[in-house]
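Right after this note come the structures.
Each of the next two complexes has subunit A plus one more chain, namely subunit B in the first and subunit C in the second.
Let's look at the complex of A and B:
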């Protein structure tokens, strides 16, 4: 009985780890297209995402948004808070890059270069050409289909 | 049905049940699939109706209509919403812009509505395919899609141009709901499958255990040769007469065990068995019997038994064994038999080998005895158990051979000759040659004598004008139990006992004539007569004529037969016996009168009575 219990826990842990791994893998792939660094500094104030990013070996969870390469925004209040506190402006070095998990957030700031979100049960990845250009980012060719001129 | 077959049938039944379960599962899956196909067909009909309705509303200019009429767009969204049930997860209308991006025209969702012209990235290239071919398609959603089972893509075409795609997403939960229709049956089937699979493996485990158990029963743990149980099973399916057999016994294994210990004894047995196996040809089987005994069966076509037996005996007696740094050799007692074609009993073969082995051991061990031309009857009938069974079942009969007056050929008496009746063939009679020596000295002999006397007295009772003689062994007279049987019979049949003659067969020298004389007197008290059988051969001596009160002399058959080979000398001898008998006033019977030639000579010699095949074969009194 004890063996079965341990086995179930291990199985659950394994499934959880699989989901976490696939999330990390996906975000690392997206962020690598945006930032050409072996170790990418990511900031997010979302607790769930922080937990996930904390386990990554190729992305470093940043405590300060201004020192990060990418800021991942998951909701409107988080976006406004960061915008308000830091008064971000797109500068020459263009860092950090904003990336969101909600389509609607794209309309709130021109600093946000792309989003990964769910629509009608389908995952959606989207990059806005002009905003990438402002950051001097050129995406690899495999992202061609996800580039849009306007929303 | 044997246990072996039972397990085979159980496996077949289990296999069939598992196949049935698989078929059942396949049928249920098929039924669920049919249910789903029905649902898809219905959905296609819905899609067609919705598309028609939208087209009718737009009146041939869908895109400008939706772009300009915000309120109508909202109305259409609400109409689409009414179709959203548990079955349909999402219903929306897409348009492909000039840059190839899909954008929302309509969305039936109220909870999470998508604004007009919002960009959308479908997860399948089939969207483009439908757009270009204008043929509706159903696509199964894969990675990157959640809660959707299937997507129905229906093109809305105006003037030959695809204007939009109506997308109806069938929910995953609805697919599960459809599957659940058969789920109780499926659940039952799965439990049954599980039960069957577990049972199957359990059966396999039992079979394996049974195999191991059987192996431990069929294979001797010390020598790795077969056991006698294997031998029995072996001949359950094979003919005994297709195999010759040998019995090998290591003479002094006990001495090895005592001197070097049982472990060393076992080692010797192991090496010995291995050596025998090497010497045996193909289709030979080595079986360990009790102790140091090994039984070998060899297919007749594999080897000449005599040559093989000699080779095995020679090699095994020459072999040396190293035990505790000492080299020893072994002597063997060995018997071999060429199994007669008509034999079907392994037991008979074993018994013959045992007897031969016993004979070799009695002669001082270390020898080989080969039983060559033995008949099947000999193996079968020379068997105490077989004889005992025949006597228990009273399968016994007497044949009567006439004794005639030599001159007139008139029958004066019959000699009762015992026969056993074959178990399987009541018409086949078994000669005393096969069984008399085996039962002598046993209770079976008394039993047989009692049955013979009973039959003879019954015959005398039934036929008041005939005389009968029966054979008695000299040993029988010394046997109190036997004499008691005879005396009881004579007392019971007093009136007819005087028509009975006891023919005394003598096979050893009489030491106490007085005792025999008393017994003869006892028999004669009832009126019976005493005949001295086989006179002139063996131990029968002239002393009998002096010391015993006998009535008849039966001249030994071998003497009578000599009339053919040495007529003159034999005639002299027989004349002498006849003259002597005449003087003693004994009746004389010549036995083995088997031809006219002998009969004529016996007649010429004046021997009063004759008996033999020429004058009459032994046969039943009542034909």
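Let's look at the complex of A and C:
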């Protein structure tokens, strides 16, 4: 049901707040395509996404990146921090899947398999074939339009 | 690892459930989930306030598809009040082409929820009505009397522009445009979100070489301008600071020439806007705004110039400065089914200085105006779907220089129903408008004790939204007593007007969209006319095919003055070379038949009046390069 939303109070810092239901649906759709598990462990240090994912029944918020199935990265500093601190290359067999919300992060870091980001007011979903291959991931056929060989 | 039978069963059941739910989710394909995500997460979803009035929304997606680069590109498509310019070439949507200083003070402009004004010289629309909108995410046009929470001064229409969010538009963007007659603009933006704050800066330069207007002399009227514009903000969870600067050097069309044959007609503007807002705990919010405007006027004619009731002579070189200070404190709280909003606002407009030929002089002792206002608003939820809203606001305006003070009382009562597919809202209004300070200053004797305009009205809106269809129908009926906003100050009859807007948007799919809008208005006793009928339409298609985006939009106008049809066709094709680079070819007013306004001219020797048709929309072809970094 469409709710009356005239009671909205606009807080300065909350302008970008995610809509919970559609965000959960979208990310569960994406993450389920990447990880064949009924319950997916997700790590992100983004407060806003953590709030949304905390309400999911299909995604479990992880406190430790190395124990997660997927790491969602939303900004450059978070990416540097994760890459610098965790030394993923050493234990590559346990490396979680990296997914981002920024096209430039996808473009500039070869560890990231895909991105869900905004471009000109439209959300865009993108996966890179050879990076998925490195994780032995085969996406369902409906994602064909969102796959590219390289950037 | 060993498992009990029960644990294995649970695991198998969970796996089966996962397969089942995954299948169900996949049954809803990615495209439809994406579409839902787009709609529900558009930034406009966070800012739209149904109680502000009747909304015409331009989402980020729509602005991008229209390839709108200035507010003018958007404003020209709106119903009821659409883009127009006055005899000085300034944005003045309500201009009738007459000699009045400025007509559009009842249209108020907001950036990120903070009003932009030009203080003494009127509404922010004056300078910002055709601003570069490269930093803007979405625009909301609210019709009819706005909620008292937003307005410090009386308004009939409010325009809200919201800036982009660095979380979605992080990094930089460079935009280069070149076009007809040497028109060119450059814009660069950079924004970043950090853990504790976000910021954004946009700087643009526009060298607008515009169409000249033939005035049957060797020197046609020019309205070229060069504009430097800075928009910036820094915000945290509970605070925000904006800084905006605009420098606009203009050729001012007919300017102060009675017969629209000036020898020199130039006005330069320099405007600074700063504001700071803070959330004070859970219920309180405060805002402080400072604005400053400097205006350099250079006018020359071979006959005396239009002046403040008297003649300046044949030349005028004047500089004026004015400052505006605004403050508001708002309290918001939900108590049971009531959402109460109350607050106090203050605004001080000061005409700082005016020099003519280097000598300090004021045309009138009236140099400042203070506005104090108090308001209360309650929104009472009758149910999950129904809401009653009641607002009352009182303004007291005090002035110096022998001008009378004014007391204004505004009332607003509304009902809103919001169902699954259908919504309905209706409002009753009683509002009052005071004559703007510039007109008062220019006509001190005539406007010492000017009666307030009292406007009463009723508006209704029915909307239907289901799947790919979005339909709305709006009706309004107003009456202005002692009207000076849309009527001549000398009019003896009240102005009455009825307007209706039908709007329909249809999404064929995520790549192809249709926007349709029809508008009809019937005015009685306006602009010295007994009756005026005004009709307009806007039809547009936005399509995407592989790496190309197409937009075709047609605006149609006609009115009962001559029932002449005007068409403004805008088309664009964008080639998205890659994610970072886009090339766009755009043409506006391609048929060269965009709406015109008759600029009034007077031969002061014979007293003969004539009209010079001028369109605010240039015919222009542009090529644009957009690079995201």
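Assume the second predicted complex is superposed on the first by the 127 of 151 C-alpha atoms of A that agree within 3 Å, B and C clash if a C-alpha of one lies under 4 Å from a C-alpha of the other, contacts with A are read in each partner's own complex, and residues count from 1 in each chain.
The rule is short, and it goes like this: a contact is a pair of C-beta atoms (placed from the backbone, for glycine too) under 8 Å apart; a residue touches a chain by one contact, two chains touch by 3 or more.
What you are looking at is a predicted structure, and each value in this text was computed from that prediction instead of being measured.
Asker: Check whether A:22 is in contact with subunit B, with subunit C, with both or with neither, and answer first, second, both or neither.
Answerer: A:22 sits against subunit C, while subunit B stays out of touch.
Asker: Touching A:130, do we find subunit B (first), subunit C (second), both, or neither?
Answerer: neither
Asker: Thinking of the overlay built on chain A, is A:149 touched by subunit B (first), by subunit C (second), by both, or by neither?
Answerer: The first partner, subunit B, only.
Asker: Pick one for A:103: touches subunit B only (first), subunit C only (second), both, or neither.
Answerer: both
Asker: After superposition on the shared chain, which partner residues are touched by A:138: those of subunit B (first), subunit C (second), both, or neither?
Answerer: A:138 contacts neither subunit B nor subunit C.
Asker: On the A-aligned overlay, A:118 touches which partner chain: subunit B = first, subunit C = second, or both, or neither?
Answerer: Both partners, subunit B and subunit C.
Asker: Would you sort A:55 into first (subunit B), second (subunit C), both or neither based on which partner it touches?
Answerer: A:55: touches no partner chain.
Asker: Per the definitions at the top, what is the overlap between the subunit A residues touching subunit B and those touching subunit C?
Answerer: Dual-contact residues (subunit A): 103, 118-123, 125, 146, 151.
Asker: Help me check something: in the complex, which residues belonging to subunit A touch subunit C?
Answerer: Within the complex, subunit A contacts subunit C at residues 1-19, 21-23, 25-26, 28-29, 32, 37-39, 58, 74-77, 102-104, 107, 117-123, 125, 140, 142-143, 146, 151.
Asker: List the residues on subunit A that touch subunit B in their complex, please.
Answerer: It is residues 103, 118-126, 145-146, 148-149, 151 of subunit A that touch subunit B.
Asker: Within their complex, state which residues of subunit B touch subunit A.
Answerer: Against subunit A, the touching part of subunit B is residues 89-90, 92, 99, 101, 109, 114, 118-123, 141, 144-148, 167, 169.
Asker: Using the touch definition from the top, list the residues of subunit C that touch subunit A in their complex.
Answerer: Listed in rising order, the residues of subunit C that touch subunit A are 14-15, 17-18, 21-22, 25-26, 29-30, 33-34, 36-43, 45-51, 59-64, 113, 137-138, 162, 165, 167-171, 193-195, 198, 235-240, 277, 279, 332, 334, 339, 379, 381, 384-385, 387, 389, 416, 418-420, 423, 465, 510, 579.
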